[in-house]
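Pasting the structures in now, so scroll down.
Two complexes come next, and they have one chain in common, subunit A, joined by subunit B in the first and subunit C in the second.
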Partner chain A sequence: MTEANGSTAKNPKVRVVIDGREIEATAGAPLLEAALDNGIEIPHYCYHPKLSIDGSCRMCQVQIQGQKKLAIACNTPCTEGLVVDTRSDEVADARRGVMELLLVNHPLDCPICDQAGECYLQDYSFEHGSHHARTTAPRRKGLKRVPIGPRVVFDQERCILCRRCVRFTNEISETNELRVFGIGDTSYIGTLEGRPLDNPYSVNVADVCPVGALLSSDFHHKRRVWFLEETESVCPGCSNGCNIKIGAFREEIQRLVPRRNDAVNETWMCDAGRLGYGFVGAADRIREARVCDDQGQQVVALDAAITAAAAALRRVREEHGAGAIGIVASGHLTNEEYFRLAGLARETLTTVSVDLAVPLGEGDDFLIRADKAANARGAREMGLVPGEAGRDLAGILNAVEAGEIRLLWIIGSKDFEAVVGTERALAIAGRLETLILQDVQPSGLSDKATIQLPGATWAEKAGTFTNYVGRVQRIRPAVHSPEGVLLDGEIFAALTGALSGRAAVPFVPSSVFDEIAAAVGAYAGLAHQSLGGAGTNPADVTEGVG
Partner chain B sequence: MPLSHELENRIRAEFPKYPEKRAVLLTALHFVQEEQGGWVAPDCILAIAGLLEIDPIDVKEVVSFYHMFHDHAVGQSHLQVCTNLSCSMRGARGLVRGLEEILGVRPGEMTPGGEFSVEEVQCLGSCGSAPVVQVNNEPFLENVALADLKSLVAGLQTRRRAAVGE
Partner chain C sequence: MSVTASAPRFLLPPDSEIWTSLEVYREHGGYAAAETAIRSIAPAAIADEVKASGLRGRGGAGFATAMKWSFLPKDGSRPRYIACNADESEPGTFKDRQIMERNPHRLLEGLLIAGFASAIDAAYIYVRGEYRTAYDALRRAIADAHAAGLLGKNIFGSGFDFEIHVHRGAGAYICGEETGLMESLEGRKGQPRKRPPFPAISGLWKRPTIINNVETMSHVPGIIANGAAAFRAVGTEKSSGTTIFGISGNVQRPGAYELPLGTPLREIIFEHAGGLLPGRTIKAVIPGGVSMPVLTAEQAMAVTMDHDALQAVGSLLGTGAIIVLDDQQCLVRAAAVIAKFYRVESCGQCTQCREGTGWLHKLLLKVESGAGSGADLEAIEDVARFMEGHTICGLSDAAAWASGWFLRRFRGEFEAHLEGRGCPHDATSFEI
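Up next, the complex of A and B:
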């Protein structure tokens, strides 16, 4: 089900025959695109589905019936009755010729090249090149491993001058840092003195570069790509919900790369999102449960901390009523977790003082959203909103200061601290009888916690996020949580069990999602299984049904 | 101030001749190179871009593309040896090596006093008289033979001395 080419969707359809197979294509769309969309592989370097046509690499040459010379498929518009041969001897010859010229000066340092294993030049050389070199001339020397910007490394010798990176900075980031300088066989990619490749989307050039010429500094010489286990997920950096692949090796995240979703992020992601995964394996990550006694915080087993949290919640509620309990969550949990948390708050604790703390940062008119949490919208839709006559965040803070709220349960205290400000957050902590923190990252409040529950990161979870326009997208676990750490949803399930006196209901995200679909109006009609790789916007589903 | 007022005005005077300011780029580069020591320095690139209201990287791209513009300092006599196909087939590589021996510099380098520099260039458009050498913007030297190089360099040195009145 491809949603691509929204822009040409209104154009009429035409019939094109490629290698004897008749396919339907959009009139005027590049022949190469039509072939690729139909699973017909035509080798190409300079063509990229989200960049303008360049026609510079000549790798995509095909034979078109009625034309004497080979034509480049990327710059041939689909027209009715076009008959194309991608497998003739002449085409094979042309490809071999292009490969030979590209390799004349190529350093062939695949053994130390990060691109190896996902390199077009390697793959096409194997498939379409000739397996021996005819030239013995010395290869052109160029810059090796130079930073072309703070987050991208450049290897001039490997560049095949396809100009994808130039078009990216011209057309997508609109920052223009890269250009082809020089002429002929002395051409090279370069920047202007004093203006390095430095924009919020700069590392995308490493993705568009078909060879190992532009590389992510973060991933440079880190891991052979064929050792990566890749998991389809969604970026947790902001509410845009860019689709990604998490590349992990032995339980450690090595990189995030964008995954194409034309309805969300096309093929791009921002640098902050791409490089923001460090907290998952950080040395200072909160891995231990702690409970405070007369001697201060003590490390305890997680179930002991959960029992202590349940006891504190029960005691405050019995002694001072549900109004003495406040819950503030970050926007980083899954819908399924929020649904359980909202149920726990509303039904088990009957507290109505529930709200979110979502830090605001910079946003732009492309991908980056100002709210720096992936799932604030989902949280609210799952019921993480102040109940009737309940208190919102400001109300909760005031009530703590007035001594009315005695127990505050903060899930994600780093975000809480960012929103409330360190000084006030500390003052709030000082006013409380009980401060429960459920955290992945430490904050200024960490050592003030009465009870600390270690949380899990998005990379460890299955579930869904709802992005800022309401698109529901799946995340999948790429690594395991540290030893002894439960998923936040499992903590909510255990607390619900402890407080209600019933056996805890196991937390199974896919069945919670089905409960959500049955209970939350906007999610009616969604099924966990049908979300697929690209997610669904409930609004579209409803339109489709109606 | 990388460009003098006079130079700026000279460039501005070209604007009315074209529909767009950016069209003046080549002319502006010629003026700047003439008056600013034979090359276009980075701050001149910025100044030209400012005048023509274009991105400085566009200016640098053009400077680097054409062999008659230089983004680095070149010698007073800048020897451009065409090493494209026809000239290479007719001995251009030997000329480059010959100049290397006589002047002690390799393509892209300049003699210590700044008198000579050598550069390999793309086809000069005179393939019929290959191999071709061009000194600065002077008429082509055609069918150049290895044996001609010594007298060519000596001639340029004599001319240079005469010019400075030694």
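Up next, the complex of A and C:
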């Protein structure tokens, strides 16, 4: 995929004065970009940092010293000594003009528009507009609330024709579904017959759309955005680790949106990741602990289930040795949790049959990775690898079938089932003495669990994920776990306590991270608090410390 | 100055003649200038001669032609192109058509000389879609010139290769704007490009490109044949040579007249175009196509048709297309008709133009119908101000000038329509 604005990294720095303030900018970079990067707001619609320059909305006009006419800041390259005035009367009048003209045909249906509250048209209208409408002529009519693709709704009347969406499908998704039809004031955005907006990144057009013309179908009429509590996090969908914001309302996730990180996902995320949060609040989510007795699975309190799990682990280990225990985890836990789990396996249980089950799906050459878990790399770096002479997943399965492994502890049995296949997974379950499942979502194995521990989702946790290139990124809790559910790391802490006979050490992600930094070579020098919003590549830190 | 049959003609054959055939054109000295230039004049000297002639663009903006050519990169990189603007869509304008239909080789010869002067590989003539006759004449002329070795490889044995292609437009005014033309020629929707980059650096297919009007290019052979001084001897100091004035509207003999720049507008109306219909008086005159600010009768009677004089009275020469409106015409209607033109021809990229052209049209219809008020006149002024000088191309400015200047110069007539009074003119005025 193309980098729209090209790389200006090699160009020299120049000094530009904006409203009397001197800033340093890259020679040739768009003046608007330089201003925004330095916290100087110049209103704009068609400009987007990750799309080519369009220059059509004319909102970003500024006065450049020595030029007669106003210039658009988005198409003005930074040059040494450029002196810019963004506040002159002429600039204000030009902005007022763009605002009034954008609104002459606008439906003004803010009360029912999902964009309200994060709408450029509203915001700039308030700041740069005229606060009263003087047109009485009928406004242009257009399509309302029509699907323009399976995941995006379109409201033609609200469109301001900034063409960000068109450029997105030309330059980023490279699928070219959207274009401008018609000319003049009959122009409209549309698709060709039989070619709806349907690509793996389609919902990003709703993010780039500065108004409420393109909207995520999933979020459509769901919640006023000002009621959302937004939490910075990372997408759990694959190992790319796209940076996101989780928008929640009363303990319920309403949407995920991408958060800019030029090193990872720029400003984008895939549709599958964006829409993949449903399991968090799903009706069939595993919320209860169960333990099997003669009559079958019984709902019990979580601590009773943990006690039962500890007892089973102890018994098998005592009766058959550590080699009779196998642990298979998904790639969805945090580094801190894996670190505790690895410690529990290695030191307390001394089992060496530990591995991951990460399902593979489709990947591409942009964001989407084939391995569908956010933290497989972190898991391995935390020690979730078969110990010396230990068994990997294939070995564990064989050992179960051979009757050598009698207790299997699966964390994330849905992924396990996906990797192993339902039939074999069920056969494996049938061979076991004890099957401990620690799950968020039900799987074909759920019925077969001897002990079921409810797990927590990434949206409920603090901690870190390490993406496929080794970038360590923080996640933060956006919602609470259901009543009575512990974080997976807390379960590991409780089990470690129970099995070692010592008082359980509370699970505090930030201190676990410090332990990781001290213990795991690649993480040396990282401090939890200093992992900013954008995360850190350990390699960069090492070089920096170097 | 007065009407003289002997006024010099640089562009058009005598009224009774058509020089579409190559033989006829050569009988009148055709391609001699090209041959001299290519065989024996250094490219730089050709450009110098054009510079000395003071030739200014005839497409509307009056930009100095040699100066435009000088913006091409000096690195000798190829290919580079000429885009020749034959879209001629400015309402009231029908001058390039005269050249293409009656003297097409003149244009080809101009392109050839300009091409040689600037080391150009090929010229593309973008012809207005409705100009079928002009298109056919150009096609034939190109084929004939090719057959005669005047185009193609190794022209005049000089080693210079040059091709001319013709492309028909599909009827959009905006494809006459130079970068809209290039988009259209490249096969996309005709929408002007933001600048920078300018065409001389990145034009057709992102290559250096000269863009000139048909008439501009057609002046080049005469300048080379007769010398810059002969060209300068006609016209005024800052507006040299002749141009083809197209005059239409309420005159007796509308038509195209090749005359020196600087000819008094009064002379063109009353002598060349035969004056008004009996009993009528002039109310307003648009001097350079509808994009240029309208003049009052008083201004029109005093002005000469050259760049400086028109600028001095608050208008512009534009394409030299004169539209005369007599006392029977409703100027609010005239303004509304013009506003509608811009509304349907705006490409729709820029906010001010897309929304402003539509709003201006609606406001003018409202005023014309009698439903308007003082606030609507104020809105017209504001919208025109918002639209002017703030967009990608000049269409928005043109639309703003048209409505804005009709209102400013004829406010009384607008006010007479307000508060339910409606149009005081009868149905002989414009259809809207």
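Keep in mind that, in the parts below, the second predicted complex is superposed on the first by the 540 of 546 C-alpha atoms of A that agree within 3 Å, B and C clash if a C-alpha of one lies under 4 Å from a C-alpha of the other, contacts with A are read in each partner's own complex, and residues count from 1 in each chain.
The criterion applied here is as follows: a residue touches a chain if its C-beta (ideal position, glycine included) is under 8 Å from a C-beta of that chain, and two chains touch if they have at least 3 such contacts.
From a predicted model like this one, the values you see are computed outputs, not experimental measurements.
Colleague: With the two complexes overlaid on their shared chain, look at subunit A and say whether subunit B and subunit C clash or fit.
Modeller: clash
Colleague: Of the two partners subunit B and subunit C, which one touches more residues belonging to subunit A?
Modeller: C
Colleague: Looking at A:69 after the superposition, I want to know if it touches subunit B, subunit C, both of them or none. Which is it: first, second, both, neither?
Modeller: Only subunit C; A:69 stays clear of subunit B.
Colleague: Check the residue A:438 against both partner chains and state whether it touches subunit B (first), subunit C (second), both, or neither.
Modeller: Neither partner.
Colleague: Regarding the shared-chain residue A:122, is it in contact with subunit B (first), subunit C (second), both, or neither?
Modeller: The answer is neither, since A:122 touches no partner chain.
Colleague: Go through the superposed model and pick first if A:233 touches only subunit B, second if only subunit C, both, or neither.
Modeller: neither
Colleague: Quick one: classify A:160 as touching subunit B (first), subunit C (second), both or neither.
Modeller: Once the two structures are laid over each other on A, A:160 reaches subunit C alone.
Colleague: With the two structures laid over each other on chain A, which partner does A:58 touch: subunit B (first), subunit C (second), both, or neither?
Modeller: Only subunit C; A:58 stays clear of subunit B.
Colleague: State whether A:184 touches subunit B only (first), subunit C only (second), both chains, or neither.
Modeller: In the superposition, A:184 contacts both subunit B and subunit C.
Colleague: Determine, under the contact definition given at the top, whether A:195 touches first (subunit B), second (subunit C), both, or neither.
Modeller: first
Colleague: Once the two complexes are overlaid on A, one stretch of subunit C runs into subunit B. Is it 95-103, 275-283 or 329-337?
Modeller: The one stretch of subunit C in steric conflict with subunit B is 329-337.
Colleague: Which subunit A residues contact subunit B in one complex and subunit C in the other?
Modeller: The overlap between the subunit B and subunit C interfaces on subunit A comprises residues 180, 182-184.
Colleague: Which subunit B residues qualify as touching subunit A in the complex?
Modeller: Within the complex, subunit B touches subunit A at residues 42, 45, 55-57, 60-61, 64-67, 84, 122.
Colleague: Considering only the defined contacts, which subunit A positions touch subunit B in the complex?
Modeller: 176-177, 179-184, 191-195
Colleague: Which of the residues in subunit A end up touching subunit C in this complex?
Modeller: Interface residues on subunit A, with respect to subunit C: 53-59, 61, 69-70, 72, 75, 77, 93-94, 96-98, 100-102, 104-105, 134-135, 137, 160-161, 180, 182-187.
Colleague: Could you pull out which subunit C residues touch subunit A in their complex?
Modeller: Its residues touching subunit A are 172, 174, 189, 194, 196, 343-352, 354-359, 362, 366, 375, 379, 382-383, 385-387, 389-392.
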